[in-house]
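Chains: A, B, C and D, in written order; residue numbering restarts at 1 for each.
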Amino acid sequence: MKVRLLYFARLREVFATAQETPETPANVQTLADLLDWLRQRGGVWAEELAVGRAYRVAVNQDLVERDAALHENDEVAIFPPVTGG
Amino acid sequence: MKVRLLYFARLREVFATAQETPETPANVQTLADLLDWLRQRGGVWAEELAVGRAYRVAVNQDLVERDAALHENDEVAIFPPVTGG
Amino acid sequence: MKIAVQTEAFDLNAEVVALYQANPKVGAVASFLGLVRDINEGQGVSTLSLEHYPGMTEKALAQIVEDARQRWEVLDASVIHRVGALRPTDPIVLVAVASVHRGDAFAACEFIMDYLKTRAPFWKKEATPEGEHWVDARESDDHAAARWGR
Amino acid sequence: MKIAVQTEAFDLNAEVVALYQANPKVGAVASFLGLVRDINEGQGVSTLSLEHYPGMTEKALAQIVEDARQRWEVLDASVIHRVGALRPTDPIVLVAVASVHRGDAFAACEFIMDYLKTRAPFWKKEATPEGEHWVDARESDDHAAARWGR
């Protein structure tokens, strides 16, 4: 399935990319699956997205938990805890 | 003793006076004594200053309880519960 | 710190800017504006007259702000209260508090308003097409002030 | 209701007046201004860059205001958040809430700020003479939001 991935703030800098639109393998059905798949890239991906690291994920612009289901063309944003205001 | 009495808002209207500077009898030593003395005027004085009626008293511009001592030239203000803001 | 009782309107922006522009430690300004409500809901225009006790008013407001400073980290504060004749939608009172963090600013601002409502000697008289009357004190204001404890 | 994310400065007075001038039911406007603090305390000028997630930001802010409306009597509200480059004493965020009574206005305004701090996708990067760094999220902000319950 194709998903649109967005990265913000420190994660955008560490991943050296603001967005990508990868074709994910068939076993990626949930957000947790997607994160596993991204961690398999190793390096900063494995490090920054490790379980227990503080980052947030929004699917279609809503903050979601890790068990959220993913669908074709979903917009998935991964970013550090917010610091506005 | 001479005290300066001020009345505000509804009480100023009911008493038909904004201020007076009476010479009180020797037995007026506390605020409670002063209120007793004023109630002896009868009419609206007895009615409005009756025990249990909602009014406030400030001595020298500080809200005080009924047992406050009075002194020569004190400024005693009697007024309804405040409604500012 | 600024305490003022005046008939003139005030400028919210100017008052708030004065609290933070010279002090880069200020991270938060909480402010409150109290307005004349049209309680007659269009049934003829009503006006409000505000009377106060000159001298005691300023003293009471300064004491309330001082009490707030004892409880929270307050960098600066302004309290402006109007007296005289006012109409619906006219601002009556402004309380603004500058602090490092928002929690202190919010708490101190609300505390000052709650105490002002029960301890500062102002009285409102309302004129409606049916006549004039003094506005009654609200029990809910006593409760609001009491929740801060002593 | 007004939600805005912008690089330009905003006018506190204009925003607050817009909340009450057309509605004589409004008796209270609570507002909050968040400012860039000079955390270096004069050790050279620092600047702050604010980044956000366009689209989600506006959606998140609108949802936070809607949550506040479900809890308190809110007649109108404005949330304006700046992005881009800011300097000490620059306003970052304005939240203003109009209500009939002050208790609702204060509570809704503080609730919106607490939720904005933990749920709206903004990030701050600070540049000091020693270099640049992303500002860390504060645990105290999570506590502030958590106290409102769900």
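Here is the rule we use: contacts are C-beta pairs under 8 Å (C-beta built on N, C-alpha and C of every residue); 3 or more make two chains touch, one makes a residue touch a chain.
Keep in mind that this is a model prediction, so the values were computed, not measured.
Listed by label, the chains that touch subunit B and also subunit C number zero.
Subunit C and subunit D have centres, each the mean of its CA atoms, that are 23 Å apart. Taking the mean of the C-alpha atoms as each chain's centre, subunit A and subunit B sit 72 Å apart. Mean C-alpha positions place subunit A and subunit C at a centre distance of 48 Å. Under the contact definition stated at the top, not a single residue of subunit A touches 2 or more other chains. Of all residues in subunit D, those that touch two or more other chains are 34, 102, 113.
Viewed as a network of touching protein chains, the structure reduces to a simple linear path. In this structure, the chains touch in the following pairs: A-D, B-C, C-D. For subunit D in complex with subunit A, the touching residues are 34, 50-53, 55-56, 59-60, 81, 92-93, 113, 116-125, 134-138. Of all residues in subunit A, those touching subunit D in their complex are 6, 8-10, 54, 58, 61-63, 77, 79-85. Subunit C makes touch with subunit D in their complex at residues 11-13, 16, 20-21, 23-38, 41, 88-89, 100, 102-103, 105-106, 109-110, 113, 144.
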